[in-house]
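Comments concern the structure below.
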Amino acid sequence: IKKRVVLKNGNVNLCKEHIDKRSKRYLQDLFTTMVDIQWRWNLLVFAMGFILSWLGFSVLWWLICFSHSDFNNLDNESWTPCVKNVHSFTSAFLFSIETQHTIGYGSRYTTEECPEAIFVMCMQSVVGVMIQCFMVGFVFAKLSRPQKRSQTLMFSRNAIVCLRDTKLCLMFRICDVRNRSHIIGASVSAQIISRKVTQEGEVISYYHTHIDANFDSSDANVFLIWPATIVHIIDEKSPFFNMSSEEMMREKFEIIVILEGTIESTGQSIQARSSYLPSEILWGHRFEQLVSYRRESGEYRVDYGRFNNTYEVDTPLCSAKDYYEYQSFV
Amino acid sequence: IKKRVVLKNGNVNLCKEHIDKRSKRYLQDLFTTMVDIQWRWNLLVFAMGFILSWLGFSVLWWLICFSHSDFNNLDNESWTPCVKNVHSFTSAFLFSIETQHTIGYGSRYTTEECPEAIFVMCMQSVVGVMIQCFMVGFVFAKLSRPQKRSQTLMFSRNAIVCLRDTKLCLMFRICDVRNRSHIIGASVSAQIISRKVTQEGEVISYYHTHIDANFDSSDANVFLIWPATIVHIIDEKSPFFNMSSEEMMREKFEIIVILEGTIESTGQSIQARSSYLPSEILWGHRFEQLVSYRRESGEYRVDYGRFNNTYEVDTPLCSAKDYYEYQSFV
Amino acid sequence: IKKRVVLKNGNVNLCKEHIDKRSKRYLQDLFTTMVDIQWRWNLLVFAMGFILSWLGFSVLWWLICFSHSDFNNLDNESWTPCVKNVHSFTSAFLFSIETQHTIGYGSRYTTEECPEAIFVMCMQSVVGVMIQCFMVGFVFAKLSRPQKRSQTLMFSRNAIVCLRDTKLCLMFRICDVRNRSHIIGASVSAQIISRKVTQEGEVISYYHTHIDANFDSSDANVFLIWPATIVHIIDEKSPFFNMSSEEMMREKFEIIVILEGTIESTGQSIQARSSYLPSEILWGHRFEQLVSYRRESGEYRVDYGRFNNTYEVDTPLCSAKDYYEYQSFV
Amino acid sequence: IKKRVVLKNGNVNLCKEHIDKRSKRYLQDLFTTMVDIQWRWNLLVFAMGFILSWLGFSVLWWLICFSHSDFNNLDNESWTPCVKNVHSFTSAFLFSIETQHTIGYGSRYTTEECPEAIFVMCMQSVVGVMIQCFMVGFVFAKLSRPQKRSQTLMFSRNAIVCLRDTKLCLMFRICDVRNRSHIIGASVSAQIISRKVTQEGEVISYYHTHIDANFDSSDANVFLIWPATIVHIIDEKSPFFNMSSEEMMREKFEIIVILEGTIESTGQSIQARSSYLPSEILWGHRFEQLVSYRRESGEYRVDYGRFNNTYEVDTPLCSAKDYYEYQSFV
């Protein structure tokens, strides 16, 4: 695996250490912590929540029956217990789950004998609903995490450099494989992470430089209904202005590309990420066309099988700076 | 149906093919997949989820009773079974649904005899709530999809070209038929999809060109309480600058218009789309006024019956370029 | 009530008529329709949803029992009915609600006799949960409507005009009375609605003109932790540039002011609106200061009782244009 | 505690008084009020909601049985009561909770005798579900409040001033301690609150001045995967342009810094805040580097233990204005 900060699939290749009061901060934001951990731990927490509450109320029911001397009068026909047919901790546990979970078979039930039993029945009912509400909340948030939507967003495997209307351009492609819902308000941005040494001698190992990236001839907003070509014109403001094909290959940098937008189906915001290393930039290539029109059905056809395909084209191998100077002579 | 990418109602006229690992990507983002499919498939998935879990636990209950020899002691009065009154797979199924769905008639119930029965009862209870939580999540997301709100947003059937303060302008209208809640933070954008051939000979079949579109004299932000007229001034930056009325009619392009905003009722983001082909642009027309003031009730009255109406006005048929040149002589 | 489009409280004073396919559009977006209508209609729809489903399944249960000849064998001791103790439509209805709502007293219960009874029991269970899911969805959306949050956002009753660093400025105030949660990402905008006649003779009755509005010396973004003063500098780009105090009073226009942001508690977007008529603009006034510092508690104190208070200051009554010309002589 | 508006942790140090119709406004926006109050009050409201409804329906059941003379026929074997086994208010209460909460033991159940009993049973069932829906809504909103996410966002304890490429810069750091989900669409802004006296003599005690703040060499958008350094170049537009190190220490102002973005896990917007007083600005310091690369695992390592660390560097102590003038001589 090559040295990179953002992996091709958008995951971030970081290890964070020595965070002050980490556990405390994670607990204060319990909701995000629960949403971020794996499903199996969520389900374990839910199951434990129920089981512990059932057990807790079981103890209360057992204590109520014990203190009412119900266990000493199991065979007393004329005796009215607090709870009918509870005569051990096991049946107390069964009664607890039957009451809190509202199964209520009826083989065990509260009588009118004990106010404390009615009170605990009320409390257990409220607690039962509350645990369910929390569970609905966590499950819904976990289920509807919008970052999963970026599974169906793709960046091209390579970036390319070629001429477009006499300008050297660095380009890449993005697309969305879903077709029943779209990403709306989509915008794209790009930046370079590279080492920088300031005039004062400060060494900044991972310095971020923003680079302009536009959708065809438009701006950074992308109408993402079919594969979009994102264009960075290598002009004098560009960090690549002085780089030839050969020099770019030898440089150490990482281009982070980011697509942000809103999921049409849910109205939530998402971000899809990817990156390009110098070795993944194909100088003198052009992307294949993907869209064709089917006259018989009146539909536009997008062939994603060719999304990453490129073909070679004549492109000057010198830097943009040299090329533009040469052009102004000619 | 004319050849167009975005239909009048905003649907996108595309067929996406050969998507690598399509099923896997769709499954990884199960939530959006479930939200995107039709209601009948959602309901089928829910029903199957319940029925399969009831059946699965039925098998467990049957096995518990079978291994406890309950079925060999159905007539044994002194025998205590794991579950009372379960004596076939059918009654095991009934007990399963009565327990998981918490109906709990009580004709069948767990006794204190078997720990494994109590354990399965706990597990089935937790699973039952979990399936319900998932169902609430999917139903809520499905129900609250914000893209349905764009059913009550309309674009005018035609775009028009006429003069406004000596400038040739291309205009269209948008409106919101609801009046108890609004679209807030609304902004409008427009772009042209057309064929382009670069100087290097690259043929880009569907090239996107952004065009300026403003709300009256403002910017792209729209205060969408009544029909808004969106204005594109045909100046030297405009792709229509060199087109006469006749040339526009013969051109092959598609104007995509997009309205984005937030639904006031739910705080969710939406996008409404439409498009105009050259044949849908009326040169030398003007939109009718829709808003009048009712003195007796103190209300402003908006007559949507006239939303698409236009009337003819004297407008030069030459290109904006020719017209402005002519104006500078006169 | 004066003639205005946006009322002081932000409600919009419109009546929308002759909307093509209005009912159909409202039904296609049922969710927003349900969220927009009044609570009493929501509750009625929910109650009817339950009652009709209970009734519908009652008919099914009755038919099952009838076709199984259960009603002819009510006194037959050896007869096993499909459902125990159902012997009329009333008890079928009771059984329906006991089953679907999962009360399940047990006085009535399904036997293992009839597969169709078990099938209907499964269906009714799934339908019951589904209706509950829909109800949770509608109630949550209705409950969490973000537009209610604007009840605690206030605009000043009047706008003012006075000098600030030699510039004539039009100002108003906004504030948020809550202090446990804030509006984040708040931005303010303003526009004028007025009559306009173009050079071509087109009469636009309600033309929108955007005007610059900034937070103190910043931009349109507002840090809304205490009352913010929003400033529109009357410069040559301003529609008020040529207006004297007297002329402004006679003009017919409406200034719409809009605050947009996100509710910190829920992460939802909201918009608060208000308006100013010429008669509500106080020329030659200044807002009172509201914030003071309490040395003993180390807190800043904001006195909202004085939010709308102003005091008079010497201010030129001529137009900004005349005033700036005069200033350049002196 | 020093005099400041925004505390280091982002809480706002305000006391709001004399709010007109405060209670009414809070009640109209009940949802936000419920979300803002403490959990213990929420739980109390929920418990009371259930208990009061149980009690209310208890009274109804008691009245139904009383008016049907059921209490006078408790020992009448041939008598069919409206509700079986209800013979006091206590058992009416038990029946109410068993019915509404759907426990339904079955020791008490409705008969087919009384239409009014069936009607109340229907009403109580609908009310029970409705209370649960409200509870789910409030619990979910309360649980998913996005402002908790800012517990895991940190600002550096100090801001620093030093040279970067011959420019005096004021800098601070921000970071996110979570690594399984990120803040997307993050942007940073900064403003100064200070006392201002206008040329007209108006004293504005807390005047807001926006200052430019960028991420490294980019714009205000932050790619927040590891600690970001935010840079304010002290140029002629900066409020600090004329301040020397010594003068800054004596000034009275507060720099409010704000990070806004969207939580990747939930798609909700958040804002994290902090502030710097003059005494917290270290002139002539530089931040330590935190990121290193681990060759053996291919991971980047971020050492948060050093997040607040700085070291001294040679930096001119005069104002930026004097320094740049001096530079232009040399």
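We just call them A, B, C and D in the order they show up, numbering each chain from 1.
Criterion: a residue touches a chain if its C-beta (ideal position, glycine included) is under 8 Å from a C-beta of that chain, and two chains touch if they have at least 3 such contacts.
Everything quoted here is computed from the prediction, not taken from an experiment.
Chemist: Among the remaining chains, which ones contact both chain B and chain C?
Modeler: Both chain B and chain C are touched by A, D, going by the contact rule given at the top.
Chemist: Identify the chains in contact with chain C as well as chain D, in label order.
Modeler: A, B
Chemist: Chain A-chain D contact: same residues or different, taking over half shared as same?
Modeler: The interface of chain A with chain D is built from mostly unshared positions.
Chemist: Pick the pair from B-D, A-C or C-D whose contact list overlaps the B-C contact list by over half.
Modeler: Within B-D, A-C or C-D, the interface duplicating B-C belongs to C-D.
Chemist: Can you check how far apart chain A and chain D are, centre to centre, with Cα atoms defining each centre and the answer in Å?
Modeler: For chain A versus chain D, the centre distance works out to 21 Å.
Chemist: Which integer distance in Å separates the CA centroid of chain A from that of chain C?
Modeler: 29
Chemist: By residue number and range, which residues of chain C touch two or more other chains?
Modeler: Within chain C, the residues that touch at least two other chains are 98, 102-106, 132, 136, 140, 144-145, 263, 266-267, 269.
Chemist: Please classify the inter-chain touch graph. Allowed labels: line, ring, star, complete, other.
Modeler: If you draw each chain as a dot and join those that touch, every dot ends up joined to every other.
Chemist: Please name which positions on chain B make contact with chain C in the complex.
Modeler: Residue positions touching the partner: 43, 46-47, 50-51, 54, 88, 90-91, 93-94, 97-98, 101-107, 132, 135-136, 139-140, 143-145, 148-149, 151-152, 162-166, 177-182, 184-185, 215-219, 221, 223, 225-226, 228, 262-267, 269, 286, 289, 291-294, 297-307, 313.
Chemist: Considering only the defined contacts, which chain D positions touch chain B in the complex?
Modeler: Contacts found on chain D: 102, 104-106, 136.
Chemist: Where on chain D does chain C make contact in their complex?
Modeler: Going through chain D, the ones touching chain C are 1, 3, 5-6, 12-20, 22, 25-26, 28-32, 35-37, 84, 98-99, 102-106, 108-110, 112, 118, 121-123, 125-126, 129-130, 132-134, 136-138, 140-141, 145-147, 189, 191, 198-200, 202-210, 256, 258, 260, 263, 266-271.
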